[in-house]
Each structure stands twice: as C-alpha cells, then as structure tokens.
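Read through the structure below, which is laid out as structure tokens, and then see the notes.
Chain lettering (A, B, C and D) follows the sequence in which the chains are written, and residue indices restart at 1 in each chain.
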Amino acid sequence: MTDTEFLLWVRGPAFSAATFIMCAGLVIRFLEIFLLGRKADLAEARGSAAAGGFRTLFRRSIPDAGSFQRSGFTIVSGYIFHIGLFIVIFLFVPHILVFETVSGLSWPGLPSNIIDATNVVTMIALLAVLIHRVKDPVMRMLSEFNDYLVWFVTFLPLLTGYLAFHRVALSAPMLIGLHILSVELLMVLFPFTKLSHAFTLWMARWYNGAIAGYKGVQS
Amino acid sequence: MSKDKTLGETLQERGISRRSFLKFCATTASMMALPPAMIPVIAATLEKLRRPSVIWLSFQECTGCTESLTRSHSATIEDLIFDTISLDYHHTLQAASGSAAEQAREEAMQENYGNYILVVDGSIPGENNGYSTIAGISNKDMLLEVAAGAAAIVAVGSCATFGGIPHADPNPTGAVSVSDLVKDKAIVNVPGCPPIPAVITGVLVQFLTFGLPELDQLGRPAAFYGNSIHDRCYRRPFYDKGLFANSFDDEGAKKGWCLFKLGCKGPTTYNACATTKWNDGTSFPIEAGHPCLGCSEPDFWDAGGFYKALSIPTEDIGKTAVYAGAAGLIAGAAIGASLRARKQSAVKNHERVTIDDLDQES
Amino acid sequence: MSGPSFQRGYNALKEEIDAPTAAFFSSCVHCGMCAEACLFFTETRDPKYTPIHKLEPLRKVWKQEYTFWGKLGKALGLSRPLTDQDLADWETLAYDSCTLCGRCSMVCPVGNDITYMIRKMREGMAAAGHAPKSLIGATRRAVTIGSPMGVKLPALQAQIRHTEKEFDIKVPVDVEGAEYLCTLSSMEIMNFPEYIGSIARIFSLAKVSWTLSSKAFEATNSGIQIGVSDIAAELVQRIVDAAEELKVKAVISPECGHAYMAIRWDGPNLVGKPFNFRVLHILELLDELRAQGRLKMKDKEARKVTYHDPCQISRRGGIIDQPRKLINMVADNFVEMPEAGKMNWCCGAGGGVSSNERADDLRLKTFARKKAQLDAINVDAIVSACSNCRIHLEEGLEEYHMELPLLSLTETIAEHLAEE
Amino acid sequence: MTANGMPAPGFEASAPCAPPTGNLVPLMHEIRHALTRWLEQGEEHVIDLRSIPLAPGEEDRLLAQLGEGEVNARLSIQGPSDIIETRYPGVWLITHYNENESIMGRFIEVCEVPGILTSQADDIRAGLERLEDQLSNAETTA
C-alpha cells in the first residue's frame, strides 16, 4: 500500500466505517439511557422543569467562585483544552470543509497559524491534565483504563495534526492519512467510552436542571 | 564525437570557453536545487566525465514526457546534456526506423553491457502482453531485456514511475510501473505528468555528476522532490491566513488566494513546480489559477477527485450518517426495550421492605 | 418476613436506576471536582470520600445491567459482578460520610446529581442489610412508636400544656377545618419546646387558623434517611391521612430540613398520588405573612447575626430568599457567611448522619468547615431553621470551644413580635 | 489599466495583488550579514534566487531595492549574462540568459569580483595559444 493509497483508504472506506460506528453508536447510547425512563414527579411544581433544565445546560459551564478557588487547576486546564479542541476542530478551514460536505453548513475559519498555536496550547494543557490525573490523589483513585484511553485518543489527533501541519519525519500523504486515521479511532471509540460525555453531559445537565427546576431550586 | 573523450576535452575542442562552462555549471546547480557552493564540484566532475550510452524506451505513454524534454526552454543546457550523453536509442527522436532502429538498440546494449543508462517512459501492460509491443516484442520483455544490462534506470513520467493514467481505474491493461517489474536495479523515479523538463535533464546531470542521487521512499530524487508544492507555494501565506478561493471566479480567485478548497493537492504533492516553474520559469499551474492535480504522486488520477478538497472524505458521509442513525434507532430501540424490560422485572420482583427486613440479625 | 439479602439489595438497585442515573454515570469524566465540594473530603483530604466514588456499587449495577458493553463484559467474565462484600465495604461511605447536602450536585461540571443517586443507592444498601445499626434503630422507633426519638403523644401533650400555661395561649389540636396542619420534629418536642409556643403566638397574632394532629405530629422521616421508600411512604401516609381527616388546606413542615424534603417533594411520589393539600415550610408561611404585613415587630434583635442555610431547605429546597427577608425584618445587623445561600456548607449532620452514632467523630471533624466560615465573619449569634442543624451546630461549637448562641428563626420572630 | 480605463483582463491575478511571501526582508538581512562576514573574514556568499519562493512581482521589488551601482557588464557566453554591481558595493546581481534571452538562473553574490567575470586560466591559455599561432603565422607569411 503506497502512502497515497493509505490516504485514500482513510478518506474513503475507513471514514465511512468510522462515521457509521460513531453515529449508530451514539444513537444506541442515547436510547440506552433515554428508554430507561424516569418517573413523573407527583409533587406540586414550584417552578418549570424545562426552564431549569434549559438553564442548567448553559449555567453549568460557569463554575461557582468557591469551586474555582478549590479546583482552579481542573477548571482552567479543562477550559483551555476544551476551547482549544473546539477551535482546532471547528475553526480550521480543511475541517470546516468536512463538516460542509456532511451537513451543507459552512462558517468562516481562523488563520492556520493561529490553529497551529492553539493546537500546541491544547496539547500542553492535555499533558498538564494527564500529569494532574496521575499526581492528584483523588483523580488517581478515580481513574481507570478508560480515562487514560480517552486521554490518549484525544491527544493523538492533536499530535498527528501537528506533525502533518509541520510535515515531520514522514511523507505528507502518510502524515495526513495518520491524522485522519487517529480521528477515526476517536470516532469509533466515541460512543463506547467516556468521550460520549460530549453528548450525554447535555442529558445529565438537563436532568439535573429539570429535577431542580421543577422544585424551584437553583442549580 | 568520440565516446572516449571527457566532456572537458569535447567542450574545449568545440571552442566553448571556460566561462560558458562555469555558467552551465551554475545554472545546472540552480536547476538541481543544489547550494551554490556545489558549483565548483559540478564543474570538476563534469569536466572529467566520459559520455555514457543512454537507451530510452517508450511504452504505454503519450509522448508528453519527450515533448516536455524537447520543449525545454534552456536550449543551451539541453545541448550540453546531449553532448554529455550518447542517446543511442529513442524511437521518437532517432532517425533510424524499422529493423535498423532495433539494431541500434542491440548494438548499444552489446557495446556498453552493464554500463548504459536506461530511461523509460510509459507504463507496461501487466495483464496481456499484447496490449503494447514494439517490433513484435512485448513491452515487458523489452524492459526486462534492456534492464538486465543497465547500470541504472531512470523512470521518467508518472506512467513509468507509478503506472500513471494507464494504471487509473479500471486499469484495462493491468498497467504497472517499471519498479513493479524490475527489482534488482537502481531505479530513479522522475514522476510528473509530464515531469518538469528541467527536472528530467537535472536528474540526468545529477546522476552523471554524482551518481545515484538521494532518493525518497518513492524513489524520487530528493533534490527535486524534497519539498511539497504547498510548502514552496507563493500562495502559502494565504493558506496560513485562512484566505481561500471558493470558486474559480470569486473574489478570492481574482485576488490569488489559496486554492485548497478547490481541491489543490499541493499539500500532498512533492515536486519542484513552485520554484522551478514551467515555460522558461514563467509560471506553474497554481500561479495560473488552477489547483495542483498532484501529478507526481502515485494514483493521482484516482486520488479522490481533482476538485475535491484534500480533507474531505471521498465517500458520501452524509448518507452514511443517515443510514447509521436509522440502524442505531432500530438497534437502540431493541436494546433499550430489553433494558426497560429488565427494569420492569426488577420492579415486579420488589418485595415490600418493612422495618423487620433491615436488621441482618433479625 | 424474609429479612435482608443481597438479592433484595441488588434488585432494589436495579429498580432505582433510571434515565437520569444512566445519563449521570455516562457523563462522569472522573475530574474529581465533586471531592472539593464535599466537606467529608475537604476536612479529611481522604480520596475515598470523593462523592462519585461513594456510588461505585450503583455504577457497577448500571454498567453491568443497563449498558450493552457492560453486560457483554459481565457475560464474558471480563468484569467482576457486584458482591455483598462490596455493599458492606461501601456502607460507611454511603451513610456515615454523606449528608445528602447536594453540594457535589451543584459543582459537577457535567451536571451529575450525585445526591440523587446516593439516595437511590441507599435503597439497595438498606434492602441488603447494610444500613447503619443506629439508623435502623431510629427507623424502628419511627415506625413502631411514631417518632425516631421515641417521643409519644403524652410527651407532646405535656409540652402543649406547659406552653399553654406559660404563654396563656391555646394550642389547637385536631381542629377539623383549620387552614394549616402544623407538624413538628421530635427534636423540637424534646429539645426545643419553645418552638411550639412560638408558632402558637405568631399564628395567634397573625390570626392564622391552624392545628396540630394527635395522630401525625411527627414530621421527620427516617425512611428517607435510611433509604427505604416503603417505610418512608408509610410515615408520609400518616400525615396525609391526618391532613385529609382534618380537611386542612396545607400542611406546614417544621424547622427541619429533611422533613420538608420528605413531605413536600418526596411525599406525593412515595404515596403514589398528588396531595389534595399544599405543603409549605414554616419559613415560607412566615414570609407570606410578612409580605401581607401580618407580622408586627415590637423591636429588633440587636446582636450581629448570620444565617446557616439548612441544605434541604436552601440548596435542595429552594427556600433561600425567604429566611433572609425574615431576618432583615427582625435583625438590624445581619451578615452573610462566605458561600452563603445555595452553595453554603452543610453543618455535617444531615441525611441521617446525626442519628448514626458510628459517624460521631467524623461528623465533629467536618465541623471545622463551618467553624472556618464562622471565623471569617465574627458574629454574636447564628440563626437557622433546622433543629437537626441546630443541635449539631451547638455540639460542634462546644467541641471547638466557641461561644455562640444558636437561634431558631421562628422563635426569634416570635420573641420580637409586637403584642397586639 | 487599459487606455479606456477598464482593468486589463486577468491583470488582477498577477503582480500588483500577489501576496507577499514575506521572504524579501529576510533576504535583505541575509545580504547584510554576508557583507559583514566579507568585511570581517573575507568570506564570499552566493544566493540562488531560484531556490527561494517568491511571489509574482516580488523579485522585481527585490531588484528595485538592490538598484544598480557602478559596474554593469554583459558577457557573451552561450547566450548573454549580465553582471551588475548593485547600489551596495560588494553585492552583485548575476543573471544568466540562454540564447533566446530567457533567464536560466539568477544569483546574488557577495564578493569583490564575481568569479565568472575574471578571466579564466584555461581561456587565457587558449587565448595565448591562439595569439602565438597568429604571430607565428604572421611571421611565416611576412
């Protein structure tokens, strides 16, 4: 297999397979959760479950002052790498073209060198997060294989993206191919690992906010 | 012109001044993308060079490569190159025809067995030898016969190097490249459709001057194929700024912005177009407003579409996502229903817990 | 009678897991932020007190029973199934080191309501026979005697007589057609009988029609704390029956956090039907009276006071503004402690921890958090609205050698009420 | 612009609007460093302009910046070559043309005199031979 054939394979059948697994897997995961159902609350409502749920979807992204003081590192590093991932994934023009072919929607991108710089910052933040996970007693105790796997498959596309952008060591088709392949690995694992929190967290926030909102409780 | 004299002697005999020779060496070094510091080395080597015999075989090809070479702008240099080598067989360029032509080939092979250079353009049919023959000899047989006595092989053009257009899907002749058939000889690949003329001559000079050049993993000389079009492209700053032409006639196209979105293969294509350029160094496809087709890379004809951006999946992902969603709905509903049933059975199995059920001792 | 068993516990956990639980477990990325929100962790720095970790048995059941991959893993023997020993190992984490205060549920960045799940896990723990001894004892007293502290009707009647005599006021009992049925916590009957006099005076001056019930005076619900819905429902049913019998418009929960949670929010779900009467916390009713101008003050509390938010009333109950409006009505010098309101720290004794003798040392250790909050503001008195918080705060202040009086908000209002 | 005020077709795509590669300034600095090194260590330096990506029009701007100095020589060797000392003494611009006057190579050299401008020993030897032949022929004919 030449590098070009490899690139064509990852852009073609492999990408389709990864897309299929990710989309089908996410729908299955969603139904697995959703169909478990939830009892209707019979207590007299004091607020709106929907309003509470909706509010918490957004409100939960802003940490309270006390948590910021006590979990500052987790919050700041978490914010940096999440925003970094967002910028790198959604604002790099070659990526936008992928979303455009799938959805027909397009939006302006950022200059490539800003994406590159953001990528480096994101990788540094992820490394810091990993070190924190290993060093912090609480996180070390909580962490399982899944957590490290998720870290790895998140880091890999950033690294291969960096190598592809700067053409380090291998040929450009191979580097771009490896980058796309690493994204496909991420896509395949997405529904079946903690990566799916990117979707389920909206359900979690919704339920939390709805349970609280129904009672007229802030959350 | 005798083959026994060195190039230096030949030039002197022809009254070509040392200055002219130095100029030739300087422009050749520039063409080969060698640092100017190498100019004296080239001069010293070429001076002592004896003219090697070259046999040029053309198989399934369009003569574009030969056209490219003969349309080469730097006439002086080509003259010198052809002074440098002894082109003993080239069925498009040679005057001889018929059995005389084949005889010339056989003579050249016999006289220089083990020392001549074989240049090939065109791919070789792999399925049925009858697809392409010369003087009743199949391409494959001729290649193997001539290759056996060659000191080295230069495959010119994407057909000879990677199979090229004959090899494109569905590849009716089962076309293969030189390196697919010849495994025991040094092969220098000079891909391109066609290759830049200066690169063809540059490779020959480099080969004659320094022997086998440094090759990349696809057998291409690093001096000419060491950088991607993208990395040497004058429109690269627009890529870095995120300024792209969205169509061939929009404002971005008029302003000369990056052609990535229009399918430019510059990022994955290694060639010298962006610096050496074409037609007397006038321009190259991107400068003319067209995305790079990636012609010097394997399978460029089938590499996901000329006008499809490099990052875009080649298959219909939107459709796949919809099918996947539908499949997920069915599977998810089935799995979800079974989980729900499991929960219902747990609810049914519930035994009322009373205060006497709490103490383990009771 | 079949007694507790692992199977019953496991079945209970399976019953309890619902869509929110699945969404929560799916979303946890093990960031550890809930640890810093839990006073059992902040005051001990022991990682085992990380809230989400306390749910490990429930998570295991969810994963192995309600996810495709988890089930597959279990079937292939790749993951170890839950054992009775696991539940035994988690008993202290689920009961001794969680007050159901809900702080972790507020900070979780993915929005997990961890407290919601602890409550569910206790169902399984209790059914498997892994509830703390003293909590079982309190529950037994609540079911058999009528009150977790063993308070019987004669004791209440004695307090009523005493109150009527002291304040020269009538305390209505079993008055059919009264607007409000007031309930009490046994701590109020035993430790803070002034509460009965206070509400009697306030209601009398504000001309509120109310009554106590001789059949359902106890508002607390040990079933909620131990995590047995069947028992909790039985206890709620007593109040529902009394309210329906006396045809009241509303039931008033006393100054007690979990009692409010039990009757107001869990009650209808436990008995399986909506109430045909309203449920209000006493602070809600008092604030309504204040807003209507029916509470006239003769003077104000002069001391510098602060307000301790009972978790089930503030954070989990949504009654945050009312006590502050009321305090500002009776006190001139009211200051908030750091992180007051919905993010206030638990006293350390809710969620059944105060009834759990085994947790006494840990409970007092965690009081350091409240002490730090109090040290930051330097007040003369603490006002609160939960007798459970109040008892524990008094104990904690004593343990840490702090001289600070604890005031009930209702009682403070009654004290400063203008006589006609 | 054409005479009637309309933009010439296709004009926009070329020189005036071409994006700068950003290579001009570093190039000028490379020349500055080379001059310093020549003064301090006598080290010569050659820059092959074809090896540097330049946008359309950028090379013209470079040449304009370098300007023309005191020496302007034209060699006739298999097509002309222009050897120009720029407005910075010691900085030479060498352009090789083929017989059709197409540019085949362009170099900037930092040195006293570009090597190709000086007479070559081989050529001198050949010239001397020619001279001697000529003189001996003249003597015999005379």
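The criterion applied here is as follows: contacts are C-beta pairs under 8 Å (C-beta built on N, C-alpha and C of every residue); 3 or more make two chains touch, one makes a residue touch a chain.
The shown structure was predicted, so the numbers you read here are calculated from the model rather than taken from an experiment.
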Inset, instruction - Give the chains in contact with both chain A and chain C, ordered by label. - result: B
Legend entry - Comparison of B-C and A-B by number of C-beta pairs in contact, larger one: A-B
Legend entry - Whole-Å separation of chain centres (CA-atom averages), chain A against chain D: 56
Legend entry - Inter-centroid spacing, chain C versus chain B (mean Cα positions, whole Å): 76
Legend entry - Between chain A and chain B, centroid-to-centroid distance (C-alpha), Å: 38
Legend entry - Cα-centroid distance, chain C relative to chain D, in whole angstrom: 91
Legend entry - Multi-partner residues of chain A (at least 2 other chains): 28-29, 32, 34-37
Legend entry - Touching two or more other chains - residue numbers and ranges from chain D: none
Legend entry - Sequence positions of chain B contacting 2 or more other chains: 335, 339, 343
Inset, instruction - Return all touching chain pairs. - result: A-B, A-C, B-C, B-D
Legend entry - In the complex with chain B, residue positions of chain C that touch it: 1-4, 8, 11-12, 14-15, 17-18, 65-66, 68, 126-127, 129, 131, 136, 139-140, 143-144, 226, 228-231
Inset, instruction - Quick one: which bits of chain B touch chain D in the complex? Just the residue numbers, please. - result: 12, 16-20, 22-24, 26-27, 29-31, 33, 35-37, 39, 73-77, 232-238, 253-257, 274-276, 280-281, 287, 289
Inset, instruction - Within their complex, state which residues of chain D touch chain B. - result: 12-14, 17-22, 46-48, 50-56, 58, 75, 77-79, 81, 94, 96, 98-100, 102-105, 107, 115-116, 120-123, 126
Inset, instruction - Can you check the complex and tell me which residues of chain C touch chain A? - result: 17-24, 26-33, 35-37, 41-42, 45, 47-48, 50, 52-53, 66-69, 105-113, 116, 264-269, 272-275, 278-279, 315-318, 320, 338-339, 342-343
Legend entry - chain A partner contacts - residues on chain B that touch it in the complex: 162, 216-218, 228, 230-231, 239-242, 244, 260-261, 267-270, 297-300, 302-304, 309-315, 317-318, 320-321, 323-325, 327-329, 331-333, 335-337, 339-340, 343
